[in-house]
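Note that chain A is present in both complexes that follow, paired respectively with chain B and with chain C.
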Partner chain A sequence: MHYDLIIIGMGLSGLMAAKTAVEAGKKVLIIGKGLGCLTLFSNTIDVLGIPLLAGPETTRLRDGLSQWIYDHPEHPYGKVGVEKIEEALSSFNSLFPPPYTFQSRNETNSLIPTGVGTFRPTYLIPSTMMRGIALKEKKTLLIGFKGYKDFYSQRLADSFECRGATLSLPESPSTEITATALARWMEQPSFREFIGTEVKKQIRDEELIGVPAVLGVNDPMGVRKDLEKKIGASVFEIPILPPSIPGMRIFNRFKERLIRRGVTFLIGHPVSKVTLNEKRCEGIEIAHPPVTTSYSADHYILATGRFMGGGLEADRERILEPIFNLPVFQPGSQEDWFGRFFFDKHPIHRMGILTDSSLHPIDERGKPILENVWVAGTILAGHHYLDEKSREGIEIATGYWSAKKAMEG
Partner chain B sequence: MKLQTEILIIGGGATGAGILRDLSLRGIPSLLIEKGDFLSGASGRNHGLFHSGGRYVVSDPEAARECIAENRILRKIAPHCIEETDGFFVSLPEDGPDFRDRFIQACKDANVPAHLLSRDEALSLEPGLTPTLLSAVKVPDGAIDPFELVLSNAKDAETYGGKFLLHTGVTSLLMEENKVKTVLAKDLLHGEEYQIEASHIINATGAWADEFLKLAGLRVAMALSKGSMLITNQRLTHRVINRCRPPSDGDIIVPNHTVSILGTTSVRLEDAENFEVTPQEVSRLIRETSRMIPAIEEARFIRAYAGIRPLFQSEEKGDDRAISRGFVLIDHGKKDGIKNLITITGGKLVTYRLMAEKTSDLLCQKMGIHAPCSTHLKPLPGAGKLSGLKDRLKTLGKSETLCDCELVRKEEVEEVLKEGKLKNLQDILHRTRLAKGTCQGGFCVYRLLGILNESGLAEGDSNNILKGFLEERWKGIRPILWGSAVKEEELMEGIYKGLFNL
Partner chain C sequence: MHNSWPKTNSDVCIRCATCMAVCPVSRVTPLFPGPKHAGPGAERFRKPGDPSVDKWIDLCIGCHLCDLVCPSGVSISEMNLIAKAKYLDEKGRPFRDWLLTHSYLFGQLGSFSSSVLNRLFQNGVVKWFVESILGIDRRRELPAYQSSTFRQWFKSHPSKGQRKIAYFYGCYINTNEVEVGKATVQVLEANGFEVFLPPQECCGIPMLGNGDFNGARKMALKNVPSLLQAIQSGSDIIFSSTSCGHMIKHEYSHLLNIPGSEEVAKHTFDLFEYLRNLLESGNLNSRFKKLPIKAAYFAPCHLRSLGIGLPALEILRLIPGLQIDNIEADCCGLGGTFGFKKEKYEISQEIGKDLKEAIDRLTPEIVLTDCEGCRMQIRHLTGLKVLHPIQILRDALLQGIDKEVGR
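Entry: the complex of A and B
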């Protein structure tokens, strides 16, 4: 089968690239060996959470980004530029019309409460989490569930100086409850009826009710509205340990919209081979034994993520890119990959694929390697997405930009 | 606070806990103090080999004889701490048959049962072995759980009136003519100070023996030898696999519950507190052990760690491996004129009971009382219970599983918490299998802190404790970060640095 564009990788950057290309009328195939890291970590959209942009009442993100790009021209944001980053974020936002939207407060970062009792600076916040920003100003009750081991309301309440309670749930098939099970139950009116009644018993004079981010996958705002009606107070979600239910919402929305527009999804099989001819990729193969299928396209985007996604692999000496065998920017030897302390800024995170300003992979001398391949997402070199709190921003911006550039090229 | 006891034992390793139990069974009032938790030194940082003595038959026959005698006793008194796996001494082409033949003869002489297996017999029992091996000699090695062993000793000692204070370190000794009059000690977590008076004091501080004796103005020649080990994420063999050659780096693979431990190295150290596993040691361990089990080249590792062997040095020798692994019992009354002080050091985990027996015998002799030892006859508490993976699987689904890697249930942790006396996070981790599996506590310690808070047992800022744990964990993870371990680390950093912004 021949496509205009084949995207390898089904994380946020790959999905953004697919959206951008299909909206321009292109025939798109997106391949993922798994569901991508979206469903593990992403809740809100982090763009740049550096100290300058860490609190409310601070610099507008746009100004902070401009300064950042000025100071870090080699950062992936430097290749895209502020204007296009904003375009990319609006394009992402267009997928989420009310009631479940992603918004910033006054175009600055906000601090949202997390499942470990800290605050994290983030930019676009889904409607179900927005009210968490007010946790410090309003009286808040945090609700956990007995048997759900990844959210401890009492411990969080201590950190946030509010009150916590743990609800016992009606007879469940197992004593152990997962986030996905809770999210499914939340979508049942009878379960919400029960939760609403129980929370009401616990509530004193609190105006805000904080719950782990499990308010259903399909209609979180409907779930919240119903709960609020029963409880009589505002409800907000708090990001928790993986898996991420809000991440699943993002993934599902992309998948549903993109399939409707004609994007072909291929989930569950890794690319087993790529055929290169001079400076072009001519096709890829996917082995799903006993069958091997070949696909080709005019353009390819590599958006396979870092180590967890399988975009990068480390043996005992080197870091490799397994699909195109692109050179990986990696100064120093294995001993230098990580710092002495866990909370150090580890050099390994800056390593990745070097590109020119159109996100074409280049070699150490700056020469383009493959003319019809572009690279997007966290696999790119030159960022510290965890320390910068820039994961989703990099994915959205470079996913968008790589597709734009591929369509020009 | 003033405390009085007949016997004061310094050090909560296998030796100290063994002495506390031995004396308590003899009815002699004893107190043990330990500056950390039980097993903070070499007892908790070794490869868990339940020695048959085979490892020492050629180089140190006396230590080998002690090992096999104790091996037989411990199988009876501590079956719940031991997995009876047997061990192979594998000869590779480059080792040749000469050392093997000497080895078999030496086993005979030391009374260690040894049975020669052909290449094919060995491979049919351990298919992971390299097909190029010449032969293997089977000996009664096994795997031992040092934590269960030491904690059972302490528990039984308590039943018979023995007392202990953990996280309590000696600060100084008040001397009077020819004896130690008072031991000054301090609770290192809460600051309480103790003045302890005892008729006799036993220095069972292992690698810290010399440091302790300095407080009394004495010295003992100790060689501190670092041994580093690597843990794989799955069990590679059923049996203990040794290399049949003179002891050297990377010649042992010990199965331990669901994992295997590769050891060891031998590096001379000056300082018993600050040491780490070096990249060179990691490479050497993988290179050497993979000659016996080729799959080690591709194995996933979950942690690297090091321990210090406290070796008693009777005379200067070149190689630390040449120093006897036998133990030393010093009566400082005879040697230095301090009549109420004894040092016991050196030895092996497997000979801890014998060391305790000899120390207690010497004490009884000095005190002029007749009270025979019974630790070789009386089983440890828990000897009837099973603790393997099969039992864990049976309980699955009956209660919340806190640790998905090692199937540790919430109830199990709550049991440990009920016993009380636990002062910090590491104390809890020592007493359960939390943080011992593939993610090394990345998920379960977060949950543990939640439970501690719910039960009102949390002390201090939970996030500082969490950060401290992550840094401690990092020491063992950093040396093995390649392959899939890097993915796991990206997950952990994604959670704690990214998502939670700690």
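Entry: the complex of A and C
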């Protein structure tokens, strides 16, 4: 089968690239070794959560970004530019018309409470989580569910200096409950009736009710509205540990829209081989033992993520990019891989694929390697998404931009 | 035989929980702990000589969705299946499971006596017997037999074309949904193929799904030589049931190690995958007439597992006037024989509820899907008319088909 564009990787960057290309009328194939990482990470859309932008009522994101790009020209944001980053974010937003939207407050970052008891700066926030910003100012009750191990309301209440309660659920007296089961129950009116009654019993003088982000997959705003009616107080969702229900909402929305527009999805099988001819990729093979299938395209986008999704691999000597075997920017020796703290500017996070300003992969001397291949997402070098809190922003911006560039080239 | 199964890759699992996002069973019942625990989690505690401890393993519906979404390539459902086989080997299998997995033995008889049998299936006393003695849920309609089989129809049907193609039609098409087989033959003929039916038995997927590896292997050993012969005579093989197809193309070699199965896999294609290849090479007969119908398409789990995208949807979109949407839902919940079992009926229906709601949101006139199990379940859930996509394609092509071959 031949396509205009083949995208390898089904995370947020790959999906954004697919959206951008199919909206321009291109025939698109998107391939994922697995489902992509949306169900793991994303609850909200981080763009840049550096200290300058972290506090409430601080710098507008746009100004912060411009300064950041000025200071870090080699950052993926530097290749895309502020204007195109904003264009990419609005393209993402167009997938979420009301009632369930992603918005910023006054174009700045906001601090929202998380399911592990911290406040985290983030930019675009789903409607169901927006009210969490007011947790510090308003009296809040946090509700957990017995058997759901990823959200301990009393423990969180200690961190947030509010009150917490745990509800026992009739359908599952003592066994473990998963986020997906909870989200499904939430979509049933009878379950909401039960939750509403139980929460009402727990309320003293609280105006806000915080719940884990499990208010259904299909219609979270409808679920919330009904719950609020039954409880008589405002309800908001708090981001949770994987599997992320808000991440599923994002993935499902992309998949639904993209399939409707004719994008072909292949989930579950890795790219086993690429055929290169001089500076061009001529085709790929997908292995599904005992058969392999060949696909070709005019353009290719590599958006395979980092170590967790298999975009980067490590052996004893070095870090590799397993599909195109592109050079990976990395410290010279393995000893330099180590750092004391995983989340604190650990050197492993800086490794990645070097590209030129159009997101073409380049070698150490800056020469383009493959003319019809572009690279997008967190696999790129030059960022430190954990520390910068920039994961989704990088994915959306470079996914969008790589597809734009691929269509030009 | 057990030693040859690749089953020790549980350490590849990074516990990321992506599989927990898609498992249709753990979403609806706390009785099944979900793929992460049931698969690689529990696998670390399983030793060949030790008795099984995980009773819930029998609740894995075998949809393969966990395998597909895993970023680390862990074959979770395969681990579950092997553990299930061991558990059932120890516990013993009810006669009910034998009956459900050997329907191919009495299919011929079923067709012969269809007028009596079909009425019996609806009889309250019979239903009571079937439920209380056999453990098949009375709320489930037993599939009705047709009085004349697909094979019988094909015998009196002279197939003509420039190129030969072999058709693996499967048991259900032969005795219960003959129309799907006819439509497949007619569309292939309209594309210049002479269809022939290589000798074939049940593909074996009902046995495999119930952890009966030996039973499945027996069927595979009958089918593979016959299919190989068809391939050696220069034809490809197509299937219209994605479950049979997945079994032949992937499980025969991967799980059952049948000699020659890899060669078979390379020449075996999903019907719509084959038509899409014709389209790609400019050889698809696409002189479609207008069909002003609002339809919804559901991709069966085994189609997703084939890793070929949604070829039926791509082809159906070529039909003028046909408004077709993809149904965004996971497993239908029937899981082959799973949903017929009394102790699993409720779970099966709960899983189906999500699919029903997704269908309701689209308000289609008809639903199209490639798997007979999904068709049964969707009829049961919605009461809508449910067809194989090839039947719609045949209708759109009919004007190009010789009337005599028509219906």
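We take it that the second predicted complex is superposed on the first by the 404 of 409 C-alpha atoms of A that agree within 3 Å, B and C clash if a C-alpha of one lies under 4 Å from a C-alpha of the other, contacts with A are read in each partner's own complex, and residues count from 1 in each chain.
As a convention for this text, a contact is a pair of C-beta atoms (placed from the backbone, for glycine too) under 8 Å apart; a residue touches a chain by one contact, two chains touch by 3 or more.
Treat the numbers as computed from the prediction; the structure is a model and nothing was measured.
Engineer: Following the overlay on chain A, give me a clash-or-fit verdict for chain B and chain C.
Structural biologist: fit
Engineer: Report, please, how wide the angle is at the C-alpha centre of chain A between chain B and chain C, in steps of 10 degrees.
Structural biologist: For this superposed arrangement the angle is about 90 degrees.
Engineer: Regarding the shared-chain residue A:Thr180, is it in contact with chain B (first), chain C (second), both, or neither?
Structural biologist: A:Thr180 sits against chain C, while chain B stays out of touch.
Engineer: Have a look at where A:Phe343 lands relative to chain B and chain C in the superposition and call it first, second, both or neither.
Structural biologist: After superposition on chain A, A:Phe343 lies in contact with chain B alone.
Engineer: Classify the contacts of A:Pro242 with the two partner chains as first (chain B alone), second (chain C alone), both, or neither.
Structural biologist: After superposition on chain A, A:Pro242 lies in contact with both partners, chain B and chain C.
Engineer: Using the touch definition from the top, say if A:Pro290 reaches chain B (first), chain C (second), both or neither.
Structural biologist: After superposing on A, A:Pro290 lies in contact with chain C but is clear of chain B.
Engineer: Considering only touches as defined above, state whether A:Met308 meets chain B (first), chain C (second), both or neither.
Structural biologist: Both: A:Met308 reaches chain B and chain C.
Engineer: Which holds for A:Ser90: it touches chain B only (first), chain C only (second), both, or neither?
Structural biologist: Neither: A:Ser90 stays clear of chain B and chain C.
Engineer: What is the contact status of A:His2 with respect to chain B (first) and chain C (second): first, second, both, or neither?
Structural biologist: A:His2 contacts chain C only, not chain B.
Engineer: Please indicate which partner A:Leu40 is in contact with in the superposed arrangement: first for chain B, second for chain C, both, or neither.
Structural biologist: Touch partners of A:Leu40: chain B and chain C.
Engineer: Of all C-alpha distances between chain B and chain C after superposition, which is the least, in Å?
Structural biologist: 5
Engineer: Show me the chain A residues, by the header's touch rule, that chain B contacts in one structure and chain C contacts in the other.
Structural biologist: 37, 40, 147, 175-176, 242, 308
Engineer: Could you pull out which chain B residues touch chain A in their complex?
Structural biologist: 279, 283, 397-402, 410, 443, 446-447, 449-451, 453-454, 458, 462-463, 466-467, 470-471, 473-474, 478, 481-483, 486-487, 489-491, 493-502
Engineer: Chain A touches which residues of chain C in the complex?
Structural biologist: These residues of chain C touch chain A: 14, 16-18, 20-23, 26-28, 30-31, 33-34, 67-73, 249-250, 253-254, 261-262, 265-266, 276, 280, 304-310, 313-314, 317, 325-326, 328, 354, 357.
Engineer: Going by the contact rule set out above, which residues of chain A touch chain B in the complex?
Structural biologist: It is residues 37, 40-41, 43, 46, 49, 114-121, 147, 149-152, 154-155, 158-159, 166, 174-176, 239, 241-242, 306-308, 313-316, 334-335, 337-338, 340-343, 346, 348, 385-387, 389, 391 of chain A that touch chain B.
Engineer: In the complex formed with chain C, which residues of chain A make contact?
Structural biologist: 1-2, 29, 33-37, 39-40, 147, 171-172, 175-181, 184, 218, 242-244, 247-248, 252, 255-256, 259-260, 262, 264-270, 286, 288-291, 293, 308-310
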